[in-house]
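Next come two complexes, and both contain subunit A; in the first it sits with subunit B, in the second with subunit C.
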Partner chain A sequence: MASAEQTNPQLLNGRISRAGILSFLSAQGILVFFLLSMFVFSLFSEQFLSQSNIMTVVRQASIIGIIAVGVTVVIIGGNLDLSVGSMLSFATVLVVDLHDKIGPMNAILVMFAFTLLLGAVNGFLIGLMRLNSLIVTLAMLSVIQGLVLIYSGGQNVDIANQDGTWFAFFGRGYVLGIAVPVLLFGLLALLMQIVMSYTGYGRRIFAVGGNPMASVYSGIRRNWCVFSTYLISAFCVACAALVLGSRVMGSQNNVGQGYELLVLAGIILGGTSLLGGAGSIWKTVIGVLILGFIQNGLLLMGYPYYTQWIVTWVIIILAVWLDLANKRKRLLTTHS
Partner chain B sequence: MFYKTALATSVLLLASGIAHADSTYRIGITQNNVGVDSYQTTYERAFVAAAEANGSVDIVVLDAGGDVARQIGQMQDLVQQRMDAIIIWPTDGQAVIPAIRQANNAGIPVVVTNSRIADAGMDFIAAFSGPDNVEQGAYAAEMMCEALEGEGQIVQISGQPGYTTAIERAAGFEERLAELCPDVELMETQPGNWNRERAQRVMEDFLTKYDRIDGVYSGDDNMGVGALNAAKDAGRAGDIVFIGATNFAVGYDAIARGEYYGSIYQSPVDDAEAALQTALDVLAGEEVPKLNFFETPKITAENLEEFDRPVF
Partner chain C sequence: MISIKGFFRGRTTIQPIWVFVIAIFIFFSFMSEYFLSLSNITNILVQTSTIGLIALGMTYVMINGNIDLSVGAILGLAASLAVGLQDYGLTIAIIAALASGMLLGAINGLVVWKTGVNAFIVTLGAMLGIRGLIFLYTGEQSFYSMNFAFADFGASTIGPIPVLAIIFLLCTLVMHLVLTRTGHGRNTFAVGGNPEASIDAGIRLGRHMMINFIIVGFFAALAGVLLASQMGAATPNLGRDYELWTITAVVLGGTKLTGGYGSIVGTLGGVLAIGILRNGMNLMQVPAFYVLVVLGLILISVLIIDKKLNVPSTKEVRI
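This part shows the complex of A and B:
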């Protein structure tokens, strides 16, 4: 993975050799796959590549994308976060419910504070107490869903005056012709990509995820690094809740159910290894977009819902297999 | 989960409190998934309230949390506790039948509430009480024909795939639509899973795919309002007739604003009270028909004032 991030020397010296093309393909396979799948879908549906459809898909994908940016950082740091779906339900129910009670600005502030607090709980248990992230976040998935039900008493929450609130900006607004959710997704992704690639902090996260012991011996405060990744993840969830609540102007208790899997699907499709220490934000962005375009493309082609899930996960398994096959230079392995 | 457990425990305490009074019947209920939506939450409250108001029943309230296996376990528990009658809101119309059969064999009458079970299980139940979802779908088709004056192109956003209510509402709608106005073409159906955000996404894709959509039928108002959101955003809401089922507060308000044509008024309070009454009638030895439907009328801008705004 790490070598794949490097600029390929064979492409830089002006001559395109066969080996150069092959190594470009293997390094940027996911991008090639993305363009190829776009092409195939456009053959079957004339609306698929229309500007309005592309804008629709990118906007739909942005909620998952915003969360995936945060979870990618957690995964690069060598951990998992399965609690983001419940956390999204929690944050959305909170901000929508409080909107009419204490005003949009206060609602947003309270929502961010509580969501970051949940992130801090994750961070404390996993970073500082060094508990297994799979178990902790799986537990938090249920715990937070329980909190949502206690808070709302099982009732749906709605914003009464949908047309007269500036809260509508986050899910429904446009800036310079670009939908605000897309803008938020883009800005967050860009920011985190810069942080992960060009700052000492980003390099420390890679080090912690790649080789925890070595990172400690080289003086990195591993515990706090892990702790901080969960704050980033929670912050991204809070941003996504802003978009989701504003877009729907209401919330069910289980609105975020299943998002953790969609987010993971996007990340895996992008090619970030679940083992930590490798990966990148922009790959996740592409993975999330592929996921969005696959689901939209299948729907435009008139396939029922069930097919979307099958096709999506078949493609994910295919992508993971090809990635592995590329690394070991053979399609099948004959010995264990 | 905590909420559910806390609620169930408090009800159990309540029930044991009542037991000291002169109670006649002990009725157990296992619900589908309280807390997942406002309808089910309101249903549970109304059920507990109705039992308290009655005074001569002693209830045990359980919730399966949407899990079939857990619901089967709860049925067996209620049989073990020798309830006089059991009310079940099936999580799955097929898988719960063996558990219902066990209760029936133990001599405990079973009343199915809200959502029907498969025909194979009908012999083992004392009665069904709930809305007629096929009829609701047919009502929605009638409103659609009326609103479009017999001609147009429409799409459907259905409920959770595999869930009886979703299947019946879609079937009733499609059948009556074809009979009543064959010139209204149902172009496509996709599930919205009772989820507003999901319905909104499906509608966005429909709007991209079809340049002309004259009407949308949604399996409930929660999804219908999601579809309305999408159409408003695309600037096409004015051209589209929106019809839902199970009128939610948001749907009620949208009808009042003139953005939403109509829906079906289904009260969870009526639903809960009808279930309890059916069980009591069975226990009193009355002749109870197998299928007991409570009234679920059409609601449009014309008769909106006759109905209270739904609490969910």
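This part shows the complex of A and C:
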């Protein structure tokens, strides 16, 4: 009796159940897919699994990854953030432009302050005034892009003396042989994973995203929880801007355009539900890395760069579909 | 909501966006001497026709409780096909362009229907993927139309009124009638308002969703063809960010993201609000950047007004 085997722990004890493996595989499907795709790419290109290539991919993915860590927290809290792309443009233009005017340290402080302020505006409108997050952040996307253009007057900005500033550390530096962007990405992801899994604050965010009304009845200050998730998201964007500005040593006005959707693609691929209340940071990290490795692997196999977008299209839908199908125990929906 | 009961057979209400449209119309008429002329007003209609056409389809999809982020990419692909296939004849090129939009819309709809994956995710993926298809087809090149009939069509007029404006207004009228007078329109509202109840009532939910995705695909492709004929060219990046503009217009027009509520008349108001603001501020020589800020602030204001005027429902607004 298969069902008895599954429910009786004594029968399972001491031997590996096939159902157990299958349920583990389907629960960790994204990890399995990740390893599988790495394996397939390594068959086609011998450079793919080389250490330098892997470091390059992780480094390229780190900007999207840093932002995705913050947005994942927002999504677990039951909201969306589409304004991160414009916010990235804003923060990068600000820090690069101010670098030569008031010095790197002040520029970084001012950039963090203003980016957090924008996050606070998002948080105020969505958390405290309880407006729809999709529309508010869509509106903020437009407002912030406008602010960037007004601030810069439509000009691109750059840093005059690119070699003589310690600002280069964030985008170009290495600590113990690891690129600083990767280190920053890893540290932020680790920190937020610990916060979300092991602290009361993290549990409250999950509660708010999972069932807002229930969270209010259990005494959680829902509005301030949502508010704080947007501060976290803005903080992550500011860190990403630090890396981006320092790596390029200059900035276009629309440098962050489209990032919001790539970030979402990574998060969805990782398996975090857009409905809120579920998901995790490490899944997002894997989702972002998958996007990076798909891009890199396809390029190494000789396909043009836009092939990755078509592959991403198929993979995103398949990933979410299989997840859903697994939950409802059937492949297709039943309604006509 | 500002409603003037009995204005039109006692059923029609005036959306707040139309009050806003009339207000800014009067404002710009005073601020700029060039604003209130027939040529400028038809100009606004032509400028807004691209986003306006997509917004018509987007209204259906959003009333249906879904969203379509892939319209900008569909527009780009249709524009490239309409210009790139002209060697095989203009008619074939245009038919292929429109068919590509309907096919991609049908794929989106079928996936949403059969897999049950959230439309936001499906069309987000499609947005990336279709952009990839454009680059694949065009080889990252811009196409220029050698057929002057095609390029002239975008600038042609009937009497004093540009053809593009007439097409836009005709489509608006047809889509308004379909939404308010046909079974499909009624079922679209029902499905968006309460999917479970509509299934219980025997409405074929999936089919209506798919039809609406085909409609928005068609209108995105039509907008792409018309935009290409205006420019006499198509670039692979054409239509980027149009999904955001379109959603802004539809939401300004009072359509709810949760589904079950909205109107074509409101969407027309939202589209005109964007068009008049862009045009009017341009005539007042305000840099284009400020339009982005003003539009965003208006969108947030509309949300706040909506929140304050409506009795809060128990259903939380989430996607």
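Quick note on the criterion: the second predicted complex is superposed on the first by the 321 of 336 C-alpha atoms of A that agree within 3 Å, B and C clash if a C-alpha of one lies under 4 Å from a C-alpha of the other, contacts with A are read in each partner's own complex, and residues count from 1 in each chain.
Throughout what follows, contacts are C-beta pairs under 8 Å (C-beta built on N, C-alpha and C of every residue); 3 or more make two chains touch, one makes a residue touch a chain.
The structure presented is a predicted model; accordingly, all values stated were derived computationally and were not measured.
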Will subunit C clash with subunit B on subunit A after the two structures are superposed, or do they fit?
clash
Mind working out whether A:L332 is in touch with subunit B, subunit C, both or neither, as first, second, both or neither?
second
Partner chain in contact with A:G127 - subunit B first, subunit C second, else both or neither:
neither
By the touch definition at the top of the document, which applies to A:V314: first (subunit B), second (subunit C), both, or neither?
second
Partner chain(s) touched by A:G276 [first = subunit B, second = subunit C, both, neither]:
second
Who does A:G287 touch here: subunit B (first), subunit C (second), both, or neither?
neither
Which of subunit B and subunit C A:L138 touches, first, second, both or neither:
second
Report for A:I268: first if it touches subunit B alone, second if subunit C alone, otherwise both or neither.
second
Have a look and say if subunit B or subunit C is in touch with more residues of subunit A.
C
One more residue to check, A:Y306. First (subunit B), second (subunit C), both or neither?
both
Going by the contact rule set out at the top, does A:G78 touch subunit B (first), subunit C (second), both, or neither?
second
Intersection of the subunit A residues that touch subunit B with those that touch subunit C
142, 145-147, 149-150, 154, 304, 306
The subunit B residues in contact with subunit A across the complex are 1-4, 6, 34-38, 40-41, 161, 188, 190-191, 195-197, 200-202, 204-205, 208-209, 222, 225-226, 229, 233, 248-250, 253, 312
Inside the complex, what are the residues of subunit A that reach subunit C?
78-80, 125, 129-136, 138-147, 149-150, 154, 212-213, 257-258, 261, 264-265, 268, 274-276, 304, 306-310, 312-314, 316-317, 320-321, 324-325, 328, 332-333, 335-336
How about subunit C: which of its residues touch subunit A in the complex?
69, 111, 113-118, 120-122, 124-133, 135-136, 140, 199, 204-207, 240-241, 244, 247-248, 251, 257, 287-297, 299-300, 303-304, 307, 316-319
Which subunit A residues qualify as touching subunit B in the complex?
45, 47, 50, 52-53, 56, 60, 142, 145-147, 149-150, 153-156, 158, 160, 172, 244, 247-250, 252-255, 296, 299-300, 302, 304-306
